[in-house]
Amino acid sequence: MSTTQLPVVLLDPHPRPLDLIFDRPTKERLSALGEVIWHDGPPAPAEHIDRHLPRTTILIGQTALPTERLNLAPQLRAVFNVESNFLPNIDYGECHRRGIHVLSTAPVFAQPVAEMALGLALAAARRMPEADAAIRAGRESLYGERDNYDSILLHGRPLALVGCGNVGRALVPLLRPFGGEIFVHDPWIHPAVLREMGLTPASLEECFARGAVVFLLAATTTENAGRIGRDHFARMRPGGIVVLVSRAGIVNFDDLLDAAAAGRIRVAIDVWPEEPIPPDHRARRTPNTILQAHRAGNIPEIWPRMGQMVVDDIEQILRGLPPMRCQRAQLETVMRLRSKPVG
Amino acid sequence: MSTTQLPVVLLDPHPRPLDLIFDRPTKERLSALGEVIWHDGPPAPAEHIDRHLPRTTILIGQTALPTERLNLAPQLRAVFNVESNFLPNIDYGECHRRGIHVLSTAPVFAQPVAEMALGLALAAARRMPEADAAIRAGRESLYGERDNYDSILLHGRPLALVGCGNVGRALVPLLRPFGGEIFVHDPWIHPAVLREMGLTPASLEECFARGAVVFLLAATTTENAGRIGRDHFARMRPGGIVVLVSRAGIVNFDDLLDAAAAGRIRVAIDVWPEEPIPPDHRARRTPNTILQAHRAGNIPEIWPRMGQMVVDDIEQILRGLPPMRCQRAQLETVMRLRSKPVG
Amino acid sequence: MSTTQLPVVLLDPHPRPLDLIFDRPTKERLSALGEVIWHDGPPAPAEHIDRHLPRTTILIGQTALPTERLNLAPQLRAVFNVESNFLPNIDYGECHRRGIHVLSTAPVFAQPVAEMALGLALAAARRMPEADAAIRAGRESLYGERDNYDSILLHGRPLALVGCGNVGRALVPLLRPFGGEIFVHDPWIHPAVLREMGLTPASLEECFARGAVVFLLAATTTENAGRIGRDHFARMRPGGIVVLVSRAGIVNFDDLLDAAAAGRIRVAIDVWPEEPIPPDHRARRTPNTILQAHRAGNIPEIWPRMGQMVVDDIEQILRGLPPMRCQRAQLETVMRLRSKPVG
Amino acid sequence: MSTTQLPVVLLDPHPRPLDLIFDRPTKERLSALGEVIWHDGPPAPAEHIDRHLPRTTILIGQTALPTERLNLAPQLRAVFNVESNFLPNIDYGECHRRGIHVLSTAPVFAQPVAEMALGLALAAARRMPEADAAIRAGRESLYGERDNYDSILLHGRPLALVGCGNVGRALVPLLRPFGGEIFVHDPWIHPAVLREMGLTPASLEECFARGAVVFLLAATTTENAGRIGRDHFARMRPGGIVVLVSRAGIVNFDDLLDAAAAGRIRVAIDVWPEEPIPPDHRARRTPNTILQAHRAGNIPEIWPRMGQMVVDDIEQILRGLPPMRCQRAQLETVMRLRSKPVG
């Protein structure tokens, strides 16, 4: 681990602007760790990357790393994806063999998405946006006389999570004080692990049949794309709530809107099958919905945290320790992910 | 405490419809406890009350109980106010002297109001209703590019509660997992009690200066009416959030709307100085607000709980035990309350 | 509430030494509240009390207060029992009628007793004292080969509380992270209240049948004296644990020791039917026990807290607010208590 | 991942008896997963291992796996160490390159050790074993008059953890309800990670200076062996408590006993520099100690859990998913561990 030459950190952070994710103190911490080859703006040109890779210890960016490029990088010990979706542009197997950590700053989005997911659930459970619009339109009903008919408490009610990765783990503590049983469907997590976390492992069907609110938190994978549809929504009790925050690819979106339009369920949506949302998208006119334009995760205060967690983990790695702040690409699952990068 | 004659329960629940607050099992439980003199609809006529009071053990209603009437009621052991605001129509001192519990079902509203308060705080922190309306109007910005500029996490932020009664005590557990310090101003609670609850006692001014969100949860009293105004809002950091859920009487409402209109703070409002809300009320056009028409507490599932908690406490009392589910009128504070009854 | 004359505080703290329960800052706070008539050492003579009562606002002590004496005390607004057991030497009904709060510093003992109760449960579950003694005697077994045969985890196991007053409420949070169901038997608390606290109401029999550890936390009352005996212990699963911390009067002590001696259960005892413990008490030789000589509550750091909570509540009362730190005598239950004062 | 031939599971569980760690249902689950080559008793002979390795998918045991043997095992995907200490008998680097998970059942010990650690802390804080022995010897003092002089509450007090691995993470939730700040020294964990867990990163010196109880929970490593000694104990406040549960190698044991003998601190010890404990070890006569003979982890109910977690993770691996129940050998740290195997 010891080396007399300074570690070299190569930056290629596009689409993240450098100053967005690295505030001044974090830049200074980074500079203190080694020789930093700064880069900002568009993707670094291939020749820039290829020229510096032979000396690079740490690469910060979502740069393509096929086998040939890894062959150019004998010093490379870690790659930090700051866009935060693992893409199929890296030879993950070869990185693993070489002991190169491939890491993502995705965990930074967990808390903002979890907070919005809870906010959407509460807003849907009480029809807050409709009631707000009613006052502005001068047609409100006092004391909820007309609009509280299907308002529900979350307290004591069973809740369900489809997917229990970063967002799920941030959401669970926020849901605990409501006191209801928490059902989880996540085919990548052993039921014994969920039980140890105080959660109830469940099939996808059970999640919809039991959850007063079903939070859809799964990444799109080769296995789950489009899998949730009409039959699932039909299992929900009337007045049930679906909160879709990550990713739209796992649901049949038309079935979801049909169920909301029919008034069977209430739906909150932050992620969309096509982004930007087409101007004439039917969701814009669908009742019993709360709509957000993929804005749950991307809030200002988390940007500098991306740089901080990257530098925290570089510190770990340069001290000969495993990274602990960013998410590691797992050899078994990374190639099954199908989430599209954010534009 | 023992008596050979059956206890008599006299009902006068107006404005609560009998069937709303007593579901069938609760009615059966009540009937099993003694002789019930049922009444529904408009307030029971004075002569009805006066005729039955001499035999009455338990009175369920917000019936006027001046000293002369108490003199008619030698068996009376408890009065349950199911409207849920203690009114100045009872001789509380004489009730106390006679060992008559005066109780309110107000605690039943704590959880729905607390859940809405948290939902409003999250909705304001992320401008959810505005973003929803933007999609419906076809003018949304993707990834929060234009509308996430002042979105904030609650996680880790100091929060403040003005008033820590029923609603505050229901809200605190929901706020704990966000992990920030919780400041509380409540002049009726000794600071040592707040500290024991893991809360930070604070002046009214500190609450506004420190809280990223200030929850206004206090009942109107002889001391606090109209006390919160311009100077308090001016102490808040830009982007601060005020959530007003109980009662409007404690704020200068124009100052509150001025601060929202000026864009300094975001404001969520459920309670109003005048209800119904006047058609031309300026709040209907004030930006940076989320508006609800006094609908936080009054949701269907809590209605039957009012009856249940009344019967639970009647069971306690008839077993010679203190009531534990309803709120007791405290001799020291009950006459200082100035909340108006709900119409 | 306003008065031009200073409130008078009369002290009669025996058997608590004055300097033990009032540290210097607390004395200063007390002195700032009014005119304090200090007294220390033996009980104040009757004539001293009778002379000062007419001017007394606050009495600190377990002084006898029959009706005649209350008649001497028109200004009296609160009595603080610092010995901490409500005794039958007060006319509680008359105090209630006069709006005189009768208060006890008993809550100060809740945390030390709860911590010892948990410590005793863990020590019994792992036979810690026996294993410690074995090493000192040179007959230990490594890796628990001989003495871990009945060691159990508390994690995930059902636990039971008999009595859920001050100590129970302090113990419950310490037991929560072990994650098991918590059964509670307390005939003075409505089952609905226990359920709201996340506890499972249970009969006395169920507590013994279900709890891996049964914590006996009840005060002795007119109803429960000697009620727990052989039949209850026989319901426990082999290896079950009984922790007796308050009060010995509720169990048949011989039955308890028989069950321990027979090896069916393990027993931890802090309170005794006769104190001091008779020199030849059979418990001294009973195996499967952990023995403490009524020392769970009385630890140095809580002594000054007694004075602090008294002064906190005097502050509340003098501000026209209800006391909140000390325990109030409940008219319904206070005369049923049969705990003997600590000598 | 799919394969037509059944996976082969090779067992070499010594020193764990097969039936101890695999109960019947777990054996059945294991058998259902593939072809199991059972083995029990002494270590499997080298030729047995060598004969089966070429077909082996999963190896359960602490079998030596130098490079040459790995070369014999092209199908090998995971090795489960059920003794639970990673030993230097495996080429961890080569395993990593080949994508072979090296796993340990060590997490199974976390809960029993954490519960004993808390039990020892409470027992030391209240001198429970001494008080128990005093009653048996007929020299107790009632109400703690002589033996509560240095009894302390854990509630509200700062606590410190040296090492925050499996045991630390199981202990933290048990300590939370005591409400004090929790200081942690763990040089392998980035301070930002500790902060996210709600813990306070601290130097070793700060842990001793601040913690009312210092829990020593670290494995012995190349860096920390014998590092904690006289200077650290001298920093503790009088009456401080040290709980040593894993591993003795990190402290200067004589310094520890000197500090206890001098009465400055109280010490609870479960692990020893030499085991069995030498008959004339001075600790046997040292006051202010609670002694256990390395029995914190090894309790009956966790044995079958070892088998269960192994089979859980085999299920994950055979489904093409990462193991989640056992602890993974981290390439960076595994070769720095110096804990000796349990005999």
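When the chains are written out, they are named A, B, C and D in that same order, and each has its own residue count from 1.
Everything that follows uses one rule, which is that a contact is a pair of C-beta atoms (placed from the backbone, for glycine too) under 8 Å apart; a residue touches a chain by one contact, two chains touch by 3 or more.
Since the model is a prediction, treat every value here as computed from it, not as a measurement.
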- Common touching chains of subunit D and subunit C: none
- Item | Whole-Å gap separating subunit A and subunit D, where each centre is the average of the chain's CA atoms | 34
- subunit A and subunit B: spacing of chain centres that average the CA atoms, whole Å: 37
- Query: Can you give the whole-Å distance between the Cα centres of subunit A and subunit C?
  - Reply: 50
- Query: subunit B: which residues touch two or more other chains?
  - Reply: none
- Overall pattern in which the protein chains touch one another (line/ring/star/complete/other): ring
- Message: Can you tell me which positions in subunit B touch subunit A when the two form their complex?
- Response: 111-112, 115-116, 118-120, 122-123, 125-126, 128-129, 131-136, 138, 140-144, 147-149, 151-155, 173-174, 176-178, 275-277, 279, 283-285, 290-296, 298-302, 342-343
- Which residues, counting only subunit A, touch subunit D once they are in their complex? 93, 96-97, 99, 188-190, 192-193, 308-309, 312-313, 315-316, 320-322, 324-325, 330-333
